[in-house]
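Shared between the two complexes below is chain A, which has chain B as its partner in the first and chain C in the second.
Right, the complex of A and B next:
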């Protein structure tokens, strides 16, 4: 019988330019926040979520490196990699270790150092989430794949430029009051529609920015010796699913099957109806990906994700607030850390610590973290603990 | 960046993909197991050299090694046997590149490796 697992504290850095800090400086800063808040001195396991430290920082072996830096050498530690869903995947491992009884506590840290790279080096690093032999080989960047998807989506579903812009606009509106967000400035659909063309029809403001950051959470078992002192949010369910690897290998490119399956599995494990969710942190690395994610989770009908966002359904005060601190577009997307930022934000909401971004009365929250173009999806469901 | 292209030269020069000997489904890139029926009875199969554009984009900032070709079109192409693949488009005017346009395969210089200067060739498609 699985035990209950809780997040008992979190730690994180702002997302953006951290010229003065190395990848391990960032990881330590976030990890210390989670350790201090939880009162757990010796976590049973340390897990690092990270996508490309080898390329971004000439550094691998982040598990032992972080444990040692924290003065916790001896603790089992390793890195989990699943492209941009590395953070969500790392958390899923920690959650399952704790609920299975293997350990009483797990410290999960998502971290990415991107800004030390030149823009073309970032493109190359991100493209490694896709096939070397058949995607990188033709010169396609990750943005290009999403451009192909965006055109297909707009043509098949008659989605307009202004409709597609609605999720980036929503993100920026939410980030204005989010202290850790990378871009705290409201924008209009016109700004999105006039921004530089990246991969036609996707423009700069359809795309999540490049930034550094780290976010961490302490997972503790119910009544465990190391349960510590932090405010608790229960981890009610968590699943990872995969899709056919590349969009061009799928029968229906608009079906985010990994997200659909992971969401269904996570809510089933949690035993709650999706209708009970108070907020969702959605992986909108590109505007089109946000829309297709909302559709895959069943919140919008096929083709209606962007239109529903435009109508206000997903805004603060709407039917189902999403990306309450700005999402990937405005809070930022330090790729391997992003899944952990989402989990940190769900925790802040459910423990009443979201400040000006608080969703009043939040009871349940979900986080959805994608690797590739829905090649991997990690979904977790959290609840308020009384 | 080392991608050992010689290992997949038949894939790149002759569009050798997969055919499932159980259900007949064909695909490119090749697979280890049929996506349609699950069979592992897979054989190499030369793909048809023509198809149509499913979706496309124009890329201004490509991966390192492709700068000299930018901007260029990329497309998801559905071949005449139903296989969907990703490819560059060449020798095609802006007006001709559109969803549904017919395309045919051609062999071209794919990229030049920055460090060794090694030239790699491979498939591209053009609008007919």
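Right, the complex of A and C next:
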């Protein structure tokens, strides 16, 4: 009983330090862009993707607050949270409500304010993606867990330091020409390998930075009353999946089951072979997470994600470009907003608005957005509309 | 294109002090009840309604955490937050996904852990329902805002102290025989009127208490593959609406527009006259909020909500029983869980499982769940199934 759903416009802020703007200022800026471009005046639903506004901005109730700030009070509005996959999860709910006919349009806004926190407060906030009773209790930060994962990955799969550096290097290369990226500067594997140690073996440049930002998309139904005026990209499929919550609970912590299931579900719903994808936005919160994600989606064999990146497979001009605006490492990772930045970027690519970062002839794109260490994964597949 | 949706079973914990249980323990207990009763083994979606687990339990990512704890990892899962209407908003999304055909079943769990916080921390947490930049900035607590509202209401509408006490008194009377209620003790208007002053004119017994709890419901589709074995109550209609965010932004702060719009939308979708309702679960976080809610839904004329309660209109055996298990004041108000407690109670009434609190011959019930001072309102209408 599903009908077609489209992204008809997007809005976003640059990722970085927004000292002068509150979390709701950022959300309004992105939302206004999506509203203006789409021509939709009264979206059927406003959904905010956000992870930790409670600790980052002493603010909950972002749904009604945003609706009211936009002059759209009345509109059903709420926040969706799934750790760093909050943006992708919010989009998935909007997509399902539109395609199943519950509403004719949905405005989805991902937002996060991280820079007002001290670094140790950011660590505490991110640790809430993991269990308070077990993981936090023993003092394991989120970076520490990913460090364990990276060490195990390198040893089990004979991955070298230089290979591990290849996704961050790729990200930074792509971000040079991305106006909204947080770090628009190329780096080398040597720079990654000698950067400060964060959680052995992960170094500073293996890790996505801390930043503020907001990104929004308007989803409209095929022929719906609210179908707007913007350029369309069809949402072909989308799925959220979960995994055993923490890495220590899993049979094989190198198997990103949530990503695998979400990717399979989304491509099956889209009815396209993964080989048809022109680009993929990958959740590389840490270098190792990017590699394991590429492996879970089947683009690289187990253990080969970083090596394939080093060989150029995932670069612009390669077999399957990824992170075309810099990914989490260089575009930035305002956690609850990241999934929506990925979707914005896929939209820009498929509507030919990616400028210097354009993947020529892009027909299909996928976005993969993780919460925790693949505890949740939200994957969406988009198509070009003629 | 909508199909019928039903609540097929519920689960819940008593409301109160659960020192020995974590937030996820509470959610698991309620969820297991709903799973067991429904016979649904693999719900299509797990949706957690919660307001402030970040500050209450240092825990986000409740969706995946709950799915994993239930042995249901794989299942799409996320949290929905809309301040104190988080439970109602979560249910609304589940209901819309089921009735529109996106999924065949959805497990919705409202949960909150408040008692691990110090009282001033609870005040700070609740204040996040209001704007950090304006309302919090001037030091207004949530009780203070409701105190202003109560003073204005009493003066504008000539409401007496004894009249204002009538909804708390009604709540406590109904809770005496409610096993899951936090305060099972009758009180008099005099007790309310001489209780400690909280925010003039609101006294301790005008205010809903602080408690822990979780409540869950399984929503199943008509004839869906997952339709379970539990007793059914049909979800006839449901709507979320928002208002201008804060009371100082509104033309008339005594007009609960979000509740009015949500109630109209839900009853219109249900296709039933409000006069057919056998009972209503009303969001009386403060006595004045209960009165204004009854007025916004049209059951009482403006200014008459408390007086009508005093006259017995809303008591068990009255014209329209409300808060049949004690409402927010006496059953308790674990904020993100409250909307789901209301829905659980409507279900118990309509399936004849309300025990000593049964409203005889109950055919239709409505639940009204507010976030902020009517910044968000989620209303649902339920029917008895033959």
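Following the convention adopted for this analysis, the second predicted complex is superposed on the first by the 386 of 386 C-alpha atoms of A that agree within 3 Å, B and C clash if a C-alpha of one lies under 4 Å from a C-alpha of the other, contacts with A are read in each partner's own complex, and residues count from 1 in each chain.
Definition applied: a residue touches a chain if its C-beta (ideal position, glycine included) is under 8 Å from a C-beta of that chain, and two chains touch if they have at least 3 such contacts.
Treat the numbers as computed from the prediction; the structure is a model and nothing was measured.
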{"item": "Which superposed partner A:61 touches (first chain B, second chain C, both, neither)", "value": "second"}
{"item": "Touching partner for A:243 - first (chain B), second (chain C), both, neither", "value": "second"}
{"item": "Which of chain B and chain C A:102 touches, first, second, both or neither", "value": "second"}
{"item": "Partner chain in contact with A:132 - chain B first, chain C second, else both or neither", "value": "both"}
{"item": "Which superposed partner A:212 touches (first chain B, second chain C, both, neither)", "value": "neither"}
{"item": "Chain B versus chain C as contact partner of A:29, first or second or both or neither", "value": "neither"}
{"item": "Touched partner set for A:284, first chain B, second chain C, both or neither", "value": "neither"}
{"item": "Touching both chain B and chain C, residues of chain A", "value": "124, 127, 131-133, 136, 244, 249"}
{"item": "For the chain C and chain A complex, residues of the former touching the latter", "value": "1-2, 22, 24, 51-52, 54-55, 57-65, 67-69, 73-83, 86, 89, 92-93, 96-97, 99-103, 124-125, 127-133, 136, 239-245, 249, 257-258, 261, 371-372, 375-376"}
{"item": "Chain B to chain A touching residues, read off their complex", "value": "1, 3, 5, 8, 11-12, 27, 29, 35, 54-66, 69, 72, 74-76, 84-88, 99, 110-111, 122, 124"}
{"item": "Chain B partner contacts - residues on chain A that touch it in the complex", "value": "119-121, 123-124, 127, 131-141, 143-145, 147-152, 155, 197-202, 244, 246-249, 253"}
